[in-house]
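Lettered A, B, C and D in written order, each chain numbered from 1.
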């Protein structure tokens, strides 16, 4: 029996805690969240976990692994404590908004040798994964260009923009990670055009809401991220991989298979609302992968180094958008 | 140089006359229509044809072939005169609304040996034809079931219903012809359910507006026609052929490739308006096939016998809908 | 807390038992299956249910409801015992393959007043349900024609054909139920064409494998079922509802949103494998509806009478296919 | 009656000459091409035009307008002679590969006041045009981002690469023109990543074959061009316009509406082969627009200034790809 503890009882903590508790052979023993709330109580009740504090979790030798789904500013310290206490760790991105600290944490996690996995759930989505597997199989021929459309249903409140590090660090990190996942070689340069077109509030917070990011790999392969803080159709996550022999596309997942045809044309159902619904299967498989990492040492699809490199890329994109210049990455990312 | 004459300057006469005039190596010399109209004059001017009468056309030995696109009640006599004068003939369906006369005309056309082709243009549509060619190639495996959706944009006026012979004879004839084209073996039984659900005017004229026709072939293969005098999306012509190895579908042809996606879903463009637009390519290729029939004797996709058998089938469907009983066809149709 | 017992630990019993155990406020206390098997043990372990026998279940007053997912020939007796002991019942179709017994059981269940629900899960599928809700909202205008495509991935073994009552009783019952669900008025006549085109084994068992069934309602509305024991694309469950203002279609649910485009065209993912995967959401919601029926008396989407009428329709279809005649239903079904 | 002359009897000259000859009220009187060939003779025969030389055409006062579809290096001189002789002119892009000459020709054409239209046929495609009209109607809300996919079926031969000015000048010019057409405000900066990934021959000629171009307008709106000299699916021309209220997409136009579904998924037909087929309607409407320009002064969708600005943009893109730096455009383009 594997024993896990979860930090964070918010939206994403809830997803991970429920998925962990549902894994065969797994017990979610503890839940830690500094804020008492009905949601925290409900989650504890549903998962059978007891509510406790970080010290108790790290002191409990029966706990095999921890899930970090708490606030961004707590990630680095929890990662370091996991390394010190030798617990396996699953951590939501980012490692830290401070790049020097991110680098240090990455180094120490790697030195510790603990099993560690980063929360890039999109890598576990069956459609994205099938796309990558097909490229890996060689049948598609060499990958040449990748294009991603990445849009949230609605812009976040100003407070979130200010604490999350902004659009590149908070949102585009998933897209650059997917670019790395697919290109499978270091990114040599980054260019980002960023504008504030939809939300004056976001502009007032010093951030952008509409971006295009061009990544070029060492061998000249290209990735493009088309992103916006608001998608007119709701949550919009599409990807197209242009290979020598074929074009692979991951589309949005409609809410139903109902279509309605009238004199205006054929209307198909809108996409799943938001990431919780769209990536439900990915979150389940991601947690199963964490359990497999602990149980058998099966390497996860994303490790601490992937978190660090993705952060380097979004920092470069941010710098490019601010300066209007192309940013080259020493040694690639 | 091949010389053609066209009977009828109405909607479908115009299509055929223009296509004939545009064929390389073809001159449309004459146009005959008993009703003087601006449309007749315009069509003559556009095609370079002179307006004349039937007697002159049949007397003119330089005319190689005639196009019969005149009113239904004139078809039989024009066909017989073509047989007598040895002219090639392209005739719109039906041969006649009188089945005895239809049989007699068919017999005499066949006896005359003149090149003769029936106007089942759908057989020349590139999509329907690609479907049939694929079945013929054997890769799809045996055809087992065919389903057609066949709907007009709006019900016809009562006057048309009364002179055209009604929904089965006027409209479903194209569908049963397509069933024959694909099943490629005699039809043994016909069952038709017909209701008047959308137009009380059609009901008052003694006709139906919504039908389902089941055709079963000698070997037990099945075809289904789902038809209505009104399609909410406009002109709706779809077909699905269920074979052992794969399902082949011909969809509607959208007016453009523009789609519009919002929170309501993705809206693609509505289908081409009506048969003139939808089957523009088919009408062009059909006329080219008539020219090839005259020039080289290339067999057309539909001959006089196909017109006769399709009429037998719609008569059987009409009888079935009236009696509520299944109709068996002696020797198949 | 609601206590349930489940009869049957086979493929469908497993689905219902797991869904029941996952309902908040529900305990699956017992599991009854006459055949000891590793699957039965595993299901008991996963759900926390104890394995027991029917007598103990009906004698246990703390058990609120039973789930009948056992072999077809046991349904009638279990339904009658539920009626006698006053337990709520969820029963897989059919009630019985014997129509006289089916009628008697229906009468006694209705007389008993126990909460009773039939397992027509397709009514709970979010796409089919959205279609029906849209029709019910009035925005689509009157429903005129319904067409269903219903195909299994592969034909069943001969043994199954012989014990299940054949294609109409075993498979088409779901389709005629959907026709009833949507047409929402009695069916007046049934015509079925049935052929054995794909499996000589099925023919040898006296059954057919390819059918087209035409249902006509009292007011002349029409439903068509196009069914086959084998779908080249796998499990194929589509429906089109032709209404006055719009056409509503439920398509297959692809296994992923990946598409692959090459010189051959665009290839989208195949549909979900089979009913367990395709209707996973429907089965969950169906079990939630059974719980709501017990807890609050919320009427289910399908009751015992729906099971009886659907059976009357498939018996009529079978008779029609055998005689080649149209069958009229006294009072409608 | 309007009299036109056509320069060039090659692939695109043939398209324009045939479309010109088919316009009501238009006579194509002359065809000029320095190279005698069977194609030139055939085109003259089909259109009824006489083959002649440029001097005769410009000397003939009855000729109202000229079509320039000759080799790129002849465009500038023919434009200037049209300006001098007061003939209306329709000119294929580019004006010249020499930017100084392009600027001079543009100035002199504008000073002359002759009716002049540039051959950006995509503006006349019904799908692209419907997209722009919808944006112009205001219903889509402000346009924020545009993404284009632009791929040829196969890379051109090295000789073509060397004389055409390379990928940006030859091919991307259509895409930047479409960006200008839709954004409808000056482009302030251009960034282009260009790689040679598919054809070493193209690399040897000093050109690239795979590019991503980012255009940012004065107000921060963004356009992205994803282009390649080879499309695995054939000719690939898609566009997505992301507006505040909805996303508008123009897809490829399939060769037929046939789809084939098997256990591998649903395969729809591949897109139209190449630009001649894909833009057949656009070329027809473009020529009709040239006639309307001569006859009524109706402004065309693209004038000489649009040709000049599009060339400025592709020069900037070329410079960006060479230097790896973002290029800012004085006053916008």
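In this section, contacts are C-beta pairs under 8 Å (C-beta built on N, C-alpha and C of every residue); 3 or more make two chains touch, one makes a residue touch a chain.
As the structure is a prediction and not an experimental result, all values here were calculated from the model.
S.K.: Between B-C and B-D, which chain pair shares more contacting C-beta pairs?
M.R.: Higher C-beta contact count between the two pairs: B-C.
S.K.: Among all other chains, pick the one whose mean CA position is farthest from the mean CA position of subunit A.
M.R.: Ranked by distance of C-alpha centres from subunit A, the top chain is B.
S.K.: Roughly how far is subunit B from subunit D, centre to centre by C-alpha average, rounded to an integer in Å?
M.R.: 40
S.K.: Could you check subunit A for residues that touch two or more other chains and list them?
M.R.: Expected reply: 232-233, 245-247, 259, 261-262, 269.
S.K.: Quick one: which bits of subunit D touch subunit B in the complex? Just the residue numbers, please.
M.R.: Counting only subunit D, the residues touching subunit B are 126-127, 130-131, 134, 140, 245-253, 255-262, 269.
S.K.: Taking the touch rule as given, give the residues of subunit D at its contact with subunit A in the complex, in rising order.
M.R.: Answer in residue numbers: 141-142, 144-145, 147, 149, 151, 189, 191, 193, 195-198, 210, 212, 214, 216, 220-222, 224, 226, 228, 230-233, 236, 240, 242-247, 324-326.
S.K.: Help me check something: in the complex, which residues belonging to subunit A touch subunit B?
M.R.: Touching subunit B: residues 232-234, 254, 259, 261-270 of subunit A.
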